[in-house]
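Comments concern the structure below.
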Amino acid sequence: MNKFPRNHWYAAAWASEIGDAPVGRRILDEPVVLFRGGDGKVAALEDRCPHRLVPLSMGTVVNGALQCGYHGMTFGADGQCVRIPGQERIPPRAVVRNYPIAERYGMAWIWMGEAERADPELLPEIPHFDDPDWGKITDGYQHHPSNYLNIVENLMDPSHTTFVHKQTIGNPAAANAGVQMEKTDDYIVAYKWLPSSPPSPMDMQIKDFGDGKVDRGQFFYFEVPCVSRVDIITMPAGLERTEENFNKGLRNNSYKFLTPETETSTHFFWMHLRNYNVGDDAWSERMRGVFEKTFNEDRDIEMAMQESQNLLGVRQMVGLEIDRAPTIALKMIERLVKDENAAAETVAA
Amino acid sequence: MNKFPRNHWYAAAWASEIGDAPVGRRILDEPVVLFRGGDGKVAALEDRCPHRLVPLSMGTVVNGALQCGYHGMTFGADGQCVRIPGQERIPPRAVVRNYPIAERYGMAWIWMGEAERADPELLPEIPHFDDPDWGKITDGYQHHPSNYLNIVENLMDPSHTTFVHKQTIGNPAAANAGVQMEKTDDYIVAYKWLPSSPPSPMDMQIKDFGDGKVDRGQFFYFEVPCVSRVDIITMPAGLERTEENFNKGLRNNSYKFLTPETETSTHFFWMHLRNYNVGDDAWSERMRGVFEKTFNEDRDIEMAMQESQNLLGVRQMVGLEIDRAPTIALKMIERLVKDENAAAETVAA
Amino acid sequence: MNKFPRNHWYAAAWASEIGDAPVGRRILDEPVVLFRGGDGKVAALEDRCPHRLVPLSMGTVVNGALQCGYHGMTFGADGQCVRIPGQERIPPRAVVRNYPIAERYGMAWIWMGEAERADPELLPEIPHFDDPDWGKITDGYQHHPSNYLNIVENLMDPSHTTFVHKQTIGNPAAANAGVQMEKTDDYIVAYKWLPSSPPSPMDMQIKDFGDGKVDRGQFFYFEVPCVSRVDIITMPAGLERTEENFNKGLRNNSYKFLTPETETSTHFFWMHLRNYNVGDDAWSERMRGVFEKTFNEDRDIEMAMQESQNLLGVRQMVGLEIDRAPTIALKMIERLVKDENAAAETVAA
């Protein structure tokens, strides 16, 4: 019985993390080791030597194969054992599970489900990733000790910004504005549109908005099961809402790729794209600091929720109107898990 | 089924602890948040937002109401929700439990049982608290990782002083002197009276006792379920035992207010009153250090006991004569719990 | 049902560890306290006062008896209570278990089984311990958070050296050489013999081997249930394998005495004897550092194995040819435990 959707691409690691040494990481509650095979491509195997169960991530990469740090049993990128020091015969059970990997956007994506369904066409789209008119911050990572559903809820919920992120991206005016919601076959989006309000302190540092009145939009996209995009727009007040006009103002696209580690913890990968201050590394570093702080604020809340949930065995006691989008996102995930489990039972029967 | 007596006042926090920010504290194994309402008085609520279970102690106090740090749900001092950002309707279940609070002796006392029985007349008496002829040390707090019964035993047992507190309040002569015991309807007291013995090193620093012979008394009072008063008297040898004569010597009143945190840990509040060196702040600070050290010595023993009890599931294997007073104190507490549980069953039936 | 062989001597502590203060140590999952009795000899008792279960190791040694740190109950080296402050009568149950101790090789050895079978003749033999032509390093101790069987396997397995100990005692040439095995009634030994190979970097620092070719031997002895001796020999190439010729080269005898602490942790005592650089204290200290580092490398592997075993409930998934000696050693231990449990059942029936 799966707890997580499996037939999807999950962010496993930034490509920059996988150098000469193997990297061990628990993903969907399974131990995985990532390393570069002979062709330089990232490979993913079960992180456990079948001999004495030592994690292969304690070993070394030798000629593109992964050598166990205990007795030197060596496995190729496909998981087959290619060498056992001291003996000729390779027993048939000397094999570890291999997981499909796709590399894109500076990231190694892993497919934890049925290997034959691992289609790179299904990778998420990040339109401006290679756009020279956009600046970017990549390689963001945090460890959030909370079930990933708590993080999905947080990301689909613009309302918390006012209260959790007072010192960073929050804005008191946001508190009472209603949350709108749209849903397509591909994603859901919750958003707030604040016409003619004062810009945030941070926005004011970047750009002069004349009389100080702006329209502000916060769009919270979620693509199941693991991609969040927050599109924050601050543009001169009164213009029509078009992509073109959006780009006349400040535009920040904050991506999060959530990968369940265990049932109570999540790998929180993040990336940020912007349409201003392109090539300004000092700015990027400053923004990185702001985002780290912002996501740490979320993490503290999510962690406290997880502790309460562990204790009480329930997720919440009262529903609010702002829960609409998070609730739909969770139902979409629930449906994915249910369908996968039903399919698995059919196969088993 | 309660594990602790509930219909009593327990020390929740020093008034000085409750400033602008809310304070979260587990009491009788329940999460409680303390804050100051609009009238400046301390209020106590269940420390858990009914929306997504985030502790309210992670929030902020706004105009005397407690605002959740996640989405801004705001609760009054009575536990009623007074605001939900983004919606007009307050659902009936948007409420958290309120606990009665009484403030006295610089302390916020909490009533964890039936609210209608919370009578300030039942607060403990501390006669010399406002006496200008007595000096005092307040705001003492330690966290003891042990069931509070282990601490009650310790406090009702003068015999351990010789062995546990060699470097502070102990005295080798005390070891073999018998422990006396008296019991009234209000309290029990165990005590040792040591006629004509040498004063302790600490006593000698405070006062010149001529030829160095003194009568020493140690009285260990316990008022169920949570107040301990140790009355330590060092007076010229040979006088009659009266309150008046007691005050001719050195008199130290050490109060402890024990509040169970969980079944294996206790909030240990302490306060000290003395009839000498009144207004001598340097002396107070020095004494504070001695007491902190003394209570830490007890804490180490109590913690080790708790670990053994966790492992073995029993409290002790051999009874000694010195156990008389502690055993009676524990039976008194046991009776309170039993009576409360019986009453709860009657109501439920 | 025992998990460990009990009727054997286990290393309890280095004699140098037992000074004026008692030492508490969990052995075969029982709490033990070691101290020096009136005759200066090491005594071992159950580390738990029968009164309130406080560890006696928190107390003090008074005139060769062990005084509890809480109320001063005092126990002789035989475990009998000799004093209870404040009362005359010693209750019959005021006694703690005594364990036989034998002192040899600078070590206190404990017998955790039936006391009447504790025969010092059964202590391990360490032939060169008092040999003036050999130098030694004693008092080695590490805590390994792994079941002791994992450590036995490691010690009976020369193959891992190449992979785990690259930076210390390892040698790439060793990887593919076959492991030999011999078994007598007293011990089993696994070994590798590498004729005419280059000496290790460390060997070269100690001795000039002419053209650089040497014969190298690694003998891994194991005497049930807890003694490992690794005999590492580097001698001029081509000589006959005799004790006399062994001593013409460099000879290192590394002893480990494994004492289960719990089912998932082990006291790892070690000692080293060598036939060169006798009396060279600087060399000894340097070697001590190398061994500490080497054993830490093993510890990291053993700890990771334990974590996998905890999770999966199995020890391994594929057997290799190099497992022969470790498997026999484990079967020998298993047999000891089985026989002891069968004998215990017979007595009980």
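Just so it is clear, A, B and C label the chains in written order, and each chain counts residues from 1 on its own.
Here is the rule we use: contacts are C-beta pairs under 8 Å (C-beta built on N, C-alpha and C of every residue); 3 or more make two chains touch, one makes a residue touch a chain.
Note that the structure is predicted; figures quoted are calculated from it, not measured.
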Same or different contact residues where subunit C meets its copy subunit A, judged by the half mark: different
Cα-superposition angle relating the copies subunit B and subunit A, to nearest 5°: 120
Between subunit A and subunit C, centroid-to-centroid distance (C-alpha), Å: 48
Subunit C: positions in contact with at least two other chains: none
Touch list for subunit A against partner subunit B, complex: 153, 157, 159-160, 162-164, 175-179, 300-301, 304-305, 308-309, 312, 314-322
Residue numbers on subunit C that touch subunit B, as the complex places them: 48, 50-55, 58-59, 67-73, 84-87, 91, 93-94
